[in-house]
């Protein structure tokens, strides 16, 4: 009986040592750094750099997602971004986490120039350098570059920055899908 | 006989054309007001070059496009500019856009005209310039600026010039009547375009349900090299791509333009406009519009000035307002509904249908798609409309795009036959719109990332430089020297900033101008009112207070600095300091309130 | 003035779904008539019972799902599902067997997927296959003898009471193995001539069944003429079956001959009415040909080497399963493209 | 990793994160052996035991395994438990073992087990790990039994047939036959019935959850916190 | 390089440690249960045989007491037949033949036929088959008692003509909806009896050879398994 | 030759691993949301399944059987599989990032795929020789891949259908797999093995 046990243990031990060695070898020999997934995730985030997700910027959030973090923390991206992420990672989309804010219409910052005192605080705050101006001069927002992150609003000592919702005009207007009419889908009223 | 090919799919809707061909083209006359949208074609909107109160003459340029793709707008008659404002324009959105309103003075006085009797003596470029200055954009479809279209890419040679007189949509007879009555002008215009392009072949294509037009054109083209093709009646044979396939058997490559395969397609009306411009010096200030539908008593075609309100034309055709259920601009297959009759006729408006409820009934409610494939059978682009629909509806835009959503010409044949009465085209339009928005957002996100990364890099660099300097300073023997250097560097960076600023000055200026109007309307965001019943968030309030205090300090510091330097923004800064004082007091009060409230609340409630 | 707002096109000229389905029902009548003439009242009773139950079932589920009942019932699709089940079940199948088939068809195969237009599997065939594997006794012993009426055997009320009883099998003497079943199992140790002695074959290929198949063929051609179905699926189906039969089964002493394959069993019903169910079939012309041919080939495989004497239901379900995949790889070539865009869109790369 | 309370672990295992209904793992044995209740119980108990054992063991050794051999090590632990269970079943319930066939050794690859070892046990102390194993195992067992009961009842019109295989001769006549002359519904006995049956169970759970959710939403207002977790990208500026 | 060696060593030692513990556990459990498992296995494997010839009717170890019988194409088995022998006090009392019914509805049906030395059927059991559930599977004892209807039959009883299903004028019941399966089984049992009669001489001789227990048990499963394997070679 | 063909037909159609034998269901349900992903998974599984079939055959025939250690088969097989998988993953990740993108992320999942261990054990049960083992492993993988890919395409379609709320996701996936399995019952008896 005991010989049987000893043989069994020895065989398994031999196998394990060989395989363990093999894996140890591979772990060292084939070590890789970096994660290409982060880039892919980052490219799906809206790059508002607003930090609402709880990370200092979109890329750190992308890294967190790549490491298995929740995908529903980015309010500017909203449902569309969540869906895209879910698609990429092949997981179920979840509703936006309200703790981080709600999805809003697109906005841009506008500086009321006659009140601006040129303190440059907003320039320091803007993550995408969308504000122009020099010390003690009137500042203005380059509308096309502003991501609407509203990071510049709070630092302004004279509260001269407004976030304005971008209204659709005849050139940005697009068709809406037909109203669902008689056939309401079963998806409505989901706990989404 | 010209060899003809067939195109895939297609339908045969009821034609309803005879109603509006009974009478010859009538002149609509001059209405009380002319409303001239600054954008009447794809491309850039024009900018007004007149001001309110100016008197303009007929044919005078009143708006122009300086850069980008576009053509000018001319005054259709003489009169006074009454306003430049946002008014309803013909657009599926039913939204307003910038328009110049002209109050005619009734004199219809021409500005100086420069007809070219012998255009052949000019450079081709000069003629193309004339066409641009004449405000001519395509009159058969999307309204592409004709001069640009007539300038095919350098490596392309146009072998076949097609004049599109198919007019395959039901109801519309504007081109039909034009061909019947203005055949010579059409030929003259075609000759001008042919001279510009030097094609080997010129074809005028007319659906064989317009024998009178075919006859008239045959007479007018007698003795010329121009071919006349009577093509089988089948919607949408007038679609540019289908017409090219019918006449040449070739297909326009997806995403390309006809010139890629050496073909160009122009509308009949466009040819007339070119002819009138060249030989009469008359820019595009009027067009033929079909007014039809069972809600008008005297349907027919009108020569209407651009800017004529639709109401005016409907009245002339004897509108019975109580009968109208739906008002369609364009044909029943591709036109869009109007919300108001105040919109003007523009360069691309070919037809107005005042339809009764019986004539164009509301379709029954949408049913589920049964994948019967009828739509695929009729699609002239050989798409799979049911799949496009399925993916568009489910917002799987990537897949819809993969199935060539963007090749759909929105002809509506699929919706026409769908047994489940699904508004397919609307789904496609929605999907296309969403995809375009997404693309724009992606672009914007990419740019934001670049800018963010650039900024991070710059900050990093500055940080390093600072570090460097600090070290150097510590190391350096001569303190004064180091200081100087630092100053020099600082100046340099400032110089940079100024440079950047001047480079972008134009941009800023533009942004400012655009913003100004909007800012006035936009109300400053009201701070979210704290619901009284909620438990006050002490922490947040404390943070607020601290922030306010620190801001106040900064401001006071700045103010003192400014005072010391006698800067010119002292006044502003004083205001700011006052404001921040307020802020601090408010924050303090709020905090005190909150503390009080908390104290008065029983413990149990706050721990729940 | 408020004008109606609508997206283009503003004109429509469509044959509504309800009418399409009505035509399908009409086109099935010749086959049903032939069934009644040759096999007695069983099919007719089955059809009535299945259609009624299908409609009731559909209504009940629509109610559960909070959908407008009238709106959906009027599209007649539940009736078609019921009809096709009634046509394909054995004549003397007890009421509860056909009932379970109908309920599983409507509830599991159709409404669980969202109802009309969403079901990936042919509902009627799901119902059929489900009862076939669940109740093999009831599904193999209840086939009426051909030319039953001439023998004066069961009248309407007798048939009705047989169906209405809870017993799994009908009275002996009214029923008989189907031609395909008979041929398949006798041919192993007999010659074709010997096997064909059995009365189920009559003097021709398959007594009664020939006319039933002819009836469905006629109805099917009507559907093609009316452009309710295109020719691709039936042609692919029949060609696939014929090709296999010619390639492998030319020896009638070993395998059933081609004529038997085409005119016995549910071949024509399958080719024109069942495989063509638009909802669960492939989309493009090329896809339809492949789909149809796949069904034909599978039918031959299973009929010849598998356990089941007829295999329309399984083959249709198997190819239904492949439809989304086929659709991915057989989109038509669009105007202005050199080649069709196959496959799946590759994910956007960052 | 935030630590979970015991009640959370219990709720997760049995309902919220049930391995079969929510994680949809361990399907092969779940579907393969549930044609009768007795098979379901047999396999369920074996799985439960292995889960508890492996969770405990993994948690105990969690600090001693290197990254490169983590997976093989876990797998070996699980495999040894499974083999022991297999040997014991062979010794004491041989016929049941034969019916369950290769699905006993296949417990090794029951994703639910390795999943738990990797996701939970390797990150917590032995106590919670053991509890988690027990609850996950019970959750799995519960689904097995319900599915087995459903298939047995609909499929052959009986309940608790052959219980003697597991519990000895005294259980031989526990079998319940609710219907007289029931025609076997082979669909439920055969593979398709297993899939559809589990589908129905999952849907049932979803339905209950949705219902509860709706009720909960109706009674308590949504929390109004918004943007509370914001972080500044550009540092503190004021 | 040092890192590599270090990594290899660490992994190998780590995994080896686990191997020892887990291997030890398994080996010990195995050692403890081995006996019982073998008993159980033997009993289970002999179960089918014991149903045909109950333990009260013999006193030898069936599984280890087999004889090789001459091949016969009649029985659709290829190669010589291995049969189990039942003895009471060392004298043969009966035997169990593994036979195949080749013409089942969906392929071969593997059977065990027990006969006593006079050629009377002691019992018949199905080892494996592929017949349709619900139709042909009623040849299993689990589903119906039909298969017991062979017990006590022999070649003259019923007479040769009536070794068939009722439908074909025979003595044995068929199932509703399935005649093929029962007919195949009836025919196969009949053939095995004919085989027994034809080879009675040889069989007697072989049976009477002194019992020589085989080192390894031969079970019905092994025979059926080998038969399936040889089908496609 | 025919015998080998029959093994393939049997494993791919008649005794399909997923739909009839109930092996490899978790990856089948879990991964196959997208056609593209499913294809990657298929490739990876085919590779591993065939390889592990070979490795476990060798380990059993030349190590366990001679030493009479059959009771160690489960742990040995799974160890072999886990190591093969992990080693492959590491190598692929380093040497061919492209291939890794296609296969790599699925490889770790495969260790816990019953089909892999199932193939090894079934080969034993069936007494398959070396060639048969390889074919059996390959056939099982091919059958798995086929239904995985078809199922993925179908799920893409179902994902946008108007499925009742409670059934969305895994539930309707199960029902679909059930109906597929129902259809596969049609192959019963095609090969009598």
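Chains: A, B, C, D, E and F, in written order; residue numbering restarts at 1 for each.
Quick note on the criterion: a residue touches a chain if its C-beta (ideal position, glycine included) is under 8 Å from a C-beta of that chain, and two chains touch if they have at least 3 such contacts.
The structure displayed is predicted, hence computed values, not measured ones.
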Practice item. Could you pull out the chain whose C-alpha mean position is farthest off from that of chain A? Key: E
Check your understanding: What chain is the most remote from chain D, judged by the mean position of CA atoms in each chain?
Key -> B
Point to revise | Centre distance in Å when chain B and chain E are each reduced to the mean of their C-alpha atoms | key: 84
Exercise for review: Could you please state the distance in Å, as a whole number, between where the Cα atoms of chain B are centred and where those of chain C are centred?
Suggested key: 52
Review point. If you average the CA atoms of chain A and of chain D, how far apart do the two points sit, in angstrom?
Key: 34
Revision key, fill the gap. Cα centre of chain A to Cα centre of chain B, whole Å, reads 32
Exercise for review: Could you tell me which residues belong to chain D and also touch two or more other chains?
Suggested key: 66, 68-69, 72, 76, 79-80, 83, 87, 184, 186-187, 190, 192, 196, 210, 238
Point to revise | Residue numbers of chain A (touch at least two other chains) | key: 4, 8, 11-12, 15-16, 19-20, 23-24, 26-27, 29, 42-43, 49, 57, 87, 127, 154, 157, 175, 178, 182-183, 186, 190
Review point. Out of chain C, which residues touch more than one other chain, so two or more?
Key: 7, 65, 71, 108, 114-115, 118, 130, 133-136, 168, 307, 327, 344, 347-348
Review point. Inside the complex, what are the residues of chain F that reach chain C?
Key: 34-36, 149-151, 153-154, 156-158, 161-164, 167, 172, 175-176, 179-180, 182-191
Study note, to complete from the structure: Note: in the complex, chain D contacts chain C through residues 183-188, 190, 192, 196
Revision key, fill the gap. Within the complex, chain F is touched by chain B residues 368, 390-391, 393-394, 396
Review point. Hey, which residues of chain A end up touching chain F in the complex?
Key: 4, 7-8, 11-12, 15-16, 19, 22-23, 26-27, 29-32, 36, 87, 90, 92, 183, 185-187, 189-190
**Study point:** Footprint of chain A on chain D - complex, ascending
**Key:** 66-69, 72, 76, 210, 213-214, 217, 222-223, 225-234, 237-238
